[in-house]
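The letters A, B, C, D, E and F name the chains in turn, as written, and every chain counts its residues from 1.
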Amino acid sequence: MSTIKIAVFPGSFDPVTKGHEAIVKRALPLFDKIIIAIGHNSQKDKYFSLEQRKRFLEKTFSHLPNVEIAIFEGLTVDFCKRVSAQFILRGLRSVSDFEFEKNIAQNNRMLKPEIETVFLLTDLEYNAITSTIVRDIHKHGGDIKKLVPDAIASEI
Amino acid sequence: MSTIKIAVFPGSFDPVTKGHEAIVKRALPLFDKIIIAIGHNSQKDKYFSLEQRKRFLEKTFSHLPNVEIAIFEGLTVDFCKRVSAQFILRGLRSVSDFEFEKNIAQNNRMLKPEIETVFLLTDLEYNAITSTIVRDIHKHGGDIKKLVPDAIASEI
Amino acid sequence: MSTIKIAVFPGSFDPVTKGHEAIVKRALPLFDKIIIAIGHNSQKDKYFSLEQRKRFLEKTFSHLPNVEIAIFEGLTVDFCKRVSAQFILRGLRSVSDFEFEKNIAQNNRMLKPEIETVFLLTDLEYNAITSTIVRDIHKHGGDIKKLVPDAIASEI
Amino acid sequence: MSTIKIAVFPGSFDPVTKGHEAIVKRALPLFDKIIIAIGHNSQKDKYFSLEQRKRFLEKTFSHLPNVEIAIFEGLTVDFCKRVSAQFILRGLRSVSDFEFEKNIAQNNRMLKPEIETVFLLTDLEYNAITSTIVRDIHKHGGDIKKLVPDAIASEI
Amino acid sequence: MSTIKIAVFPGSFDPVTKGHEAIVKRALPLFDKIIIAIGHNSQKDKYFSLEQRKRFLEKTFSHLPNVEIAIFEGLTVDFCKRVSAQFILRGLRSVSDFEFEKNIAQNNRMLKPEIETVFLLTDLEYNAITSTIVRDIHKHGGDIKKLVPDAIASEI
Amino acid sequence: MSTIKIAVFPGSFDPVTKGHEAIVKRALPLFDKIIIAIGHNSQKDKYFSLEQRKRFLEKTFSHLPNVEIAIFEGLTVDFCKRVSAQFILRGLRSVSDFEFEKNIAQNNRMLKPEIETVFLLTDLEYNAITSTIVRDIHKHGGDIKKLVPDAIASEI
């Protein structure tokens, strides 16, 4: 009998993008459950509120029974232990992503060697989408419909 | 009869450097007009004021009839449409520049596919000059004469 | 009266890809003529013969009157002088492309400062296509229809 | 009832290194079976023979029942289909690895979208080990014991 | 008779890490004296106070007679002149480090060509340790004992 | 009484460039002796013969009493031991250089931890010069005078 495979997909999701959506969907065959975990930091201002970010994620993934949305404070690896996740899921877009993620993942291994970080590559067509750019276009009244999940494109 | 080729060279120019100056001069044979466009963001503090940054640019390029200086708010592609520019001009110095510029350019293509971003490589001798470094040296009373255009070196 | 703007797009085109095709089409508004120049090196074996590579390019661009196909030996800048081109056109895909192209372009500037290298970014959807990968898939009987220009997809 | 998860770990393994060994072991909790697949190319000379490379892998992984060793020719995705693998497993060490792997993975997705490439980061301590460097040290009579799996260190 | 070789190792050391400690120790055979110089910027908030950061460095290096700790404001090259240092010492971890350090070093050469920046590579095992990550783990109550010098691990 | 500091500067120097020349000169204040060591590999064809490469180096550095020229086969660290060098000197130009050099240096540390690799950054003006590019221009009859040391520019 094999263990249930649980992955945490951590981020600030300010807001969730089509890139995030695709990573989660493509990772579903690997895991029994994926917990999308919004890292909450009460000292940092965000563009969308914690409630908005959570709602955007819920609308995006409501039809997928193996996907849960959660909010956490503190270290990602501590949250993983609390929810019994053995894996952290991350998407890789670019070289600078890679170096940043590499540092985080290596330190997470130092803290909890039993938690493995698993990487998928972002789809080419979503390769230039970052939450920062989505916010910047949104703030200036530009059209972000092609950048965010269809489920939230009409209300964002 | 061919269309007039107009390029926008956007940036914050805080301050304009010898690197910026060289890119504009080398791009002149490609375009009929280059509009150097200072992106203005009322929420972000700058080291030099908007007026100073504009004056530095005017002094640097006053002898070049095909170069104009402008200020804009909002998205670069929206400004391009307003001034009928078909091209965005950017300089590339380094790998981290490249990844940053790539994201911006791909999103600009998504927003307005008819506007093309054209890249020139920064001259080797200006390859380590960034506005950030110029400000840092200036703030500590260091000599920035070799880093900014000759036209403004004596007054900055 | 302005000078006619001529760009050389050099490469080995073994074979031409959808990425090459898109760069040339997007660069057309910048130049009056683009000469696609196959660099011939009699000492290096190629996967497709010089004749095949030339024919693939001719079929791909036959409907574009401002595009010419040529073969050259020797230094790219020397070929540019022979055909009176003031510009070299290159596409950029990745960080490793960027570093390679930067070295070439800086040395070309050292040899002939009057010739400017102009870069466009490869379309995201063609970002992972290289001639090397196309050859590798072709050699093993894989399907390369989505990787090469439609005009040659049926015969390659 | 869930499908059996099979991953192919392709490479030339000339020779297998401690880095390869660690990736396979760490990936075991993710998959039900990992097939280490030696890509055979009759036209390319290798430092160790196909038989040696296979034996090194067999000795390294003989105690792991979920790991199989295989040899294949042709495209990796075609081999995956033959062995019903839904996943390709790859290790990432460096920025240049990342760009290379990204191209390969994106083209594999183009060829067979149903096969997902999953990446783990190489352990820091094995980060500078490449088969190329192992061969180079071996060829000059240097000591490679710390670079290859313990199971083969005495005989290589 | 040769000149005494003095190197400045500048940084904010917020806090000193095992990576910093290793670089200084490995650089000792190169220089007669190494001055670890905490760059003080009264406008920037730090996680550990200037006094704490200085004390951590003193405890870490107290047993090494050729290492001194200092605090400076202003440009690094100006501090080097004040203490008659001919060298700046820096550690390199990653590609993004490299590009950042390259810009700084080239500008320092422009300001004071007689001061040479000397780089050592960070030990592999400390390759993912940055002061930023140490602070982040510390803030969330994680264990940083493996990340900072043994001499301060118990009190930090 | 301090030990004599000896550095080995290894390479194939096919041919020596202005970049190599500048690194050696700038490294002189760090070391008591620099041995420029041509790595000889009887199986690899070179553009310039071993004798030519040695003579180019001798002419370039003949006026510097602390610089010696040598030829070696085998591992660089073994040569260092033979000549009692405690340091390996390397120049860094680019991100791809950095990743390559990092692997080599880390493996050299694994083989002989007592030998330290010391890096200087290539001068900006020589940043795009590689021996490969020099050979390519030379082969096609281009002018390489600005790329190689003045001492050999007339005869190469």
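Annotations
Criterion: a residue touches a chain if its C-beta (ideal position, glycine included) is under 8 Å from a C-beta of that chain, and two chains touch if they have at least 3 such contacts.
Keep in mind it's a predicted model, so treat the numbers as computed, not measured.
By residue number, over half of the touching pairs seen at B-F are also found at D-E, the match among D-E, D-F or C-D.
When the CA atoms of subunit C are superposed on subunit D, the rotation angle comes to 120 degrees, reported as a multiple of 5.
Both subunit D and subunit F derive from one sequence, and where they touch, under half of the residue numbers involved are common to the two copies. Remark: subunit B and subunit C have CA centroids separated by 29 Å (rounded to whole angstrom). Note: centroid distance subunit A to subunit B, computed from Cα atoms, is 34 Å. The set of subunit D residues touching two or more other chains comprises 95-96, 99, 102, 105-106, 124, 127-128. Taken as a graph of touching chains, this assembly fits none of the simple shapes: it is neither a line, a ring, a star nor a complete graph. In summary, the structure contains touching chain pairs A-B, A-C, A-D, A-E, B-C, B-E, B-F, C-D, C-F, D-E, D-F, E-F. Those residues of subunit C lying in contact with subunit D across their complex are 94-96, 127-130, 133, 137, 140-143, 146-147.
On the subunit C side of its complex with subunit F, the touching residues are 74-75, 77-78, 95-96, 99, 102-107, 110-111. Interface residues of subunit E, counted against subunit D in their complex, comprise 95, 124-125, 127-128. Chain contact summary for the complex, subunit D toward subunit A: residues 2-3, 5, 26, 29-30, 32, 86-87, 92, 95, 98-99, 102, 105-106, 116-121, 124.
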